[in-house]
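One structure is given below, represented as structure tokens, and several questions about it will come after.
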Amino acid sequence: MDKHNTFEYLLRLGDNALILSQRLSQLCGKGPAMEEDMALTNVALDLLGQTRLWYSYAGELEGAGRDEDALAFRRDAHEFRNCLLLEQPNGNYADTMVRQFYFDTWHYFLIEGLTRSSDARIAAIAEKSLKEVSYHLRRSGDLIVRLGDGTEFSHARTQTAVEALWMYSGEMFAYDGLDQAMVAAGIAPDGAELRSHWLAHVGSIFKEATLTMPPADAWMQSGGKQGRHSEHLGYVLAEMQFLQRAYPGATW
Amino acid sequence: MADDERAFQARIDAGIKIEAKDWMPEAYRKTLIRQISQHAHSEIVGQLPEGNWVTRAPTLKRKSILLAKIQDEAGHGLYLYSAAETLGVSRDELLEALHSGKAKYSSIFNYPTLSWADMGAIGWLVDGSAIINQIPLCRCSYGPYSRAMIRVCKEESFHARQGYDIMLALARGTPEQKAMAQDALNRWWWPSLMMFGPSDADSVNSAQSSKWRIKLFSNDELRQRMVDQTVPQAEYLGLTIPDPKLKFNAETGHYEFGEIDWAEFHSVLKGNGPCNRERLRTRVTAWEEGEWFRDALQAYADKHAK
Amino acid sequence: MDKHNTFEYLLRLGDNALILSQRLSQLCGKGPAMEEDMALTNVALDLLGQTRLWYSYAGELEGAGRDEDALAFRRDAHEFRNCLLLEQPNGNYADTMVRQFYFDTWHYFLIEGLTRSSDARIAAIAEKSLKEVSYHLRRSGDLIVRLGDGTEFSHARTQTAVEALWMYSGEMFAYDGLDQAMVAAGIAPDGAELRSHWLAHVGSIFKEATLTMPPADAWMQSGGKQGRHSEHLGYVLAEMQFLQRAYPGATW
Amino acid sequence: MADDERAFQARIDAGIKIEAKDWMPEAYRKTLIRQISQHAHSEIVGQLPEGNWVTRAPTLKRKSILLAKIQDEAGHGLYLYSAAETLGVSRDELLEALHSGKAKYSSIFNYPTLSWADMGAIGWLVDGSAIINQIPLCRCSYGPYSRAMIRVCKEESFHARQGYDIMLALARGTPEQKAMAQDALNRWWWPSLMMFGPSDADSVNSAQSSKWRIKLFSNDELRQRMVDQTVPQAEYLGLTIPDPKLKFNAETGHYEFGEIDWAEFHSVLKGNGPCNRERLRTRVTAWEEGEWFRDALQAYADKHAK
């Protein structure tokens, strides 16, 4: 397998985790309940840990001397490869949780598939992450059920979030040439398979949550994986990268 | 003194822990509720000044450590509220008192965090002071509180070390980084000394709390301990403590230090700190905006309990 | 007069104008009425023009080769000298307008005083700005009257903003050593005099607006002029300075 | 055809302007209202993609120019709404139609601005196309509209030049800046061509509008004009137009270009562009959050009119 392709694929994995972790970090100490504060930080931490593993491996494969911090703090928006879903603003807590649930479901099936990757290092990182992402999936699914089947207000708010974020869910399965190459090399799991798992799980949770699932064939946004983002990402990065940019060459 | 009260004091004097189900004087209960909940509130509000730098931490490793620290603080808040609840008050009542401004939290969190170095200074000085305050409380007379403090102190000592490590990296860094560290020390030094509370001479209720063993050392004793511990660390960092009167007294073996600006302390306590209003507003907003969420969880639980 | 002091004083003038202009720019296309959109941009533009004049002169006085962009884009928060008032978030539109009114009133009397500055260049810039700041003052005073004496809701909202921002109004008149030196050198107008003009004008507008003026002797925040800011400024700068930081040495 | 209508058409054919008080066919009025208000909406919504970079403009001078441009756009919106109002519809009704999604604005603003180079590309390509579209309208049959367009076009030509100037600085800049410029051209090229609307073959209502002289050239003619004007500019910048089929036809004296992806055009029009939802939501939120403000001004005016 072409090292450069694997490097690019690892960036996608790392960027997804980092950007979502960054979004969750913005909520530090501002969650709707203390237990949520704990859980949000916990998930943000797990994702950050995974980011570091993906980036470190990516940096090694690239062999250009870029470490995890160079990859996180010294790339501009067009060089980021995360899906659009993850850079969407936190919105209200239903938005935050639906975004999380869409991602967690995909992430779980992806990581589960990656444990069988032909790339031993990727398989090992996936193995290490599997427990974390299983917990994330349980937690966000459980919350979606309780919000959907909670009060009339929480149901409506969650349904609105479900619909608003739906158009960002397709990109995770929309395999481009790079993704296909990864599948062909046995590095990544098949996209169509992930999608059918995703639809089944999301569907069953929505059913339990008395939420209506938007049509599977709805129009889907894309571009993030190829570096064409929404207007949000630039702001996220400007904030995140400030110190590394303002004090180049410093050690922290 | 009534029999109950005498027996109660005798247990304390004998070093036996008071437990939730035991009889206790109403004033003891009230003092403890105030003290524990104030500590819990401080953990919760204390997430905010640090949360302010999580999204801007300069490396992924530092970000990770800071996030973990903030998570610990939420955890401390949770088990301190639980400890308070053993005294017959609910977490919601305590939060209500915080949000309405009736209850206090540590005034130190009313100062802003203005640079990354503040993450170092808070760990080093603020957590450092907190530990000095709290270590004696691991041996306090109220069982649930003492057990909570043991857990808290274990984690806090990590935080203090991590803070010092941030300062160390900055002090060994570029001139700009070193200036950042010095500036943070300048801003956090005096507020950290104030964390121990008013001078013993002006401290109310101390005698009774001592007798009940929920205050084991005087404010001034603990403050001295903090100065003695911190000055050599600052020297090692190559930073200057912003106190021209600071000097080592070889006879006493302690550092002497300048007068604390108690006017500032009382002004911040009264609500005039740079961030009092903002901290409280952030918490109140989070709470109010979270109401529909908590209601939903309750509604779901009610439905499915039937 | 010591050049360095004048340089520092010019930074205060420039930073005030720049940070408020930046705050107003965040509202681009998001004002409560089209006429407000126009006016906000207009004021932001005026302030930006003034910033450039102050900075250019400051850079010349400093003689270290820093131009207006070096001063705007390559200083960190502790090097900014603006008053805390100006970095406060836009909040709701009453907050935005009260912040503006407090500033405009001070700014008008200051600029008016600076037209008589012993420093000819400062006097000339002030002369050039006077028409602009007179218009700003008329506009924000007029809006405060209409909001205060509008509906019950607008009255309450404006009164809340009046009280919330009051503690940031004192810093503008709290003259430190540098300000005093400027007064002594005939460069800047007297602080106590500005304050009495300010109190009189704000009081008369509030009276017309049926708003209650907070006590003149209330506790006042300070620190901005000496580089000790609120937590807001760092975010403002991270956003504003991103391109200059991320692409050092580029010409735009 | 009724007498009224015949006389009306005769005036138009004679090049006499129709004024607000003149008789006009209902369809003429409706078409104009739709066209003018769509243009006005585009000016207003068009502030947003550019507003996205004002706070991040790389120099104070560029920031100043961009702010001034956005201010001009708000101004254009204002006098276009006024022109529409002469046709007997209120600005609030028009805004209501925008906010409810009934009225359209130019689809180009449903694309995101992803880098500073987009400020260049929008000025150069989007304003450039707008001018080509609008210049003929300075001679259109409806007086208030034609006068508004004269004013608009004068300012737009500044904007286009300023946009080109941004591109020029980038194209002559660092390799990273040049890549930024090329990427912006890649993303904005085709959407700019789509701004002229469907190919003449698929264009509805064109014949009637031509006859009324509110449409003076066909979409394809104007599009060709834009391509012919822009290709040499891109060459001068050293940038590549993202169209492998683009080539100069020496015989016709025009550039031939590849097929436009009309599926994308219709998809964005239908609401599937990257920013459709966000642009509208931003405007609606601004409007709704501004309601108390507008109410207050009204209440004040009412009180003091008495």
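Chains here go by letter, A, B, C and D, matching the order in which they are written, and residues are numbered from 1 within each.
Assume contacts are C-beta pairs under 8 Å (C-beta built on N, C-alpha and C of every residue); 3 or more make two chains touch, one makes a residue touch a chain.
Quick caveat, the model's predicted, so the values are computed rather than measured.
Colleague: So which chains are sitting against chain A and chain D at once?
Modeller: Correct list: C.
Colleague: Between B-C and C-D, name the chain pair that shares the greater number of C-beta pairs in contact.
Modeller: Result of the comparison of B-C and C-D: C-D.
Colleague: Any idea how many Å lie between the Cα centroids of chain B and chain D?
Modeller: Averaging C-alpha atoms per chain gives centres 58 Å apart.
Colleague: Centre to centre, by mean C-alpha position, how many angstrom separate chain A and chain B?
Modeller: Each chain reduced to its C-alpha mean, chain A and chain B end up 35 Å apart.
Colleague: Could you list which residues of chain A touch at least two other chains?
Modeller: Chain A, residues with two or more chain partners: 76, 234, 238-239, 242.
Colleague: Can you list the chain B residues in contact with two or more other chains?
Modeller: Chain B, residues with two or more chain partners: 56.
Colleague: Is the way these chains touch best called a line, a ring, a star, complete, or other?
Modeller: other
Colleague: Name the touching chain pairs, please: which are they?
Modeller: Per the contact definition above, the touching pairs are A-B, A-C, A-D, B-C, C-D.
Colleague: Could you please specify the touching residues of chain A with respect to chain B in the complex?
Modeller: Per the touch definition, chain A meets chain B at residues 18, 22, 25-26, 28-38, 41-42, 44-45, 48-49, 51-52, 55, 68-69, 72-73, 92-93, 145-147, 149-151, 153-154, 157, 239-240, 242-244, 247, 249-252.
Colleague: Write out the stretch or stretches of chain A touching chain D in their complex.
Modeller: 76-78, 164, 167, 219, 221, 223, 228-231, 234, 238
Colleague: Can you list the residues on chain C that touch chain A in the complex?
Modeller: 76, 234-235, 237-239, 241-242, 245-246, 248
Colleague: In their complex, what parts of chain B are in touch with chain A?
Modeller: For chain B paired with chain A, touching residues are 44, 47-48, 50-51, 54-64, 67-68, 70-71, 74-75, 77-78, 81, 116, 166, 169-170, 172-174, 176-177, 282-283, 285-287, 289-301, 303.
Colleague: In the complex of these two chains, what residues of chain B are touching chain C?
Modeller: 49, 52, 56, 112-115, 183, 187, 267, 272, 274-275, 277-278
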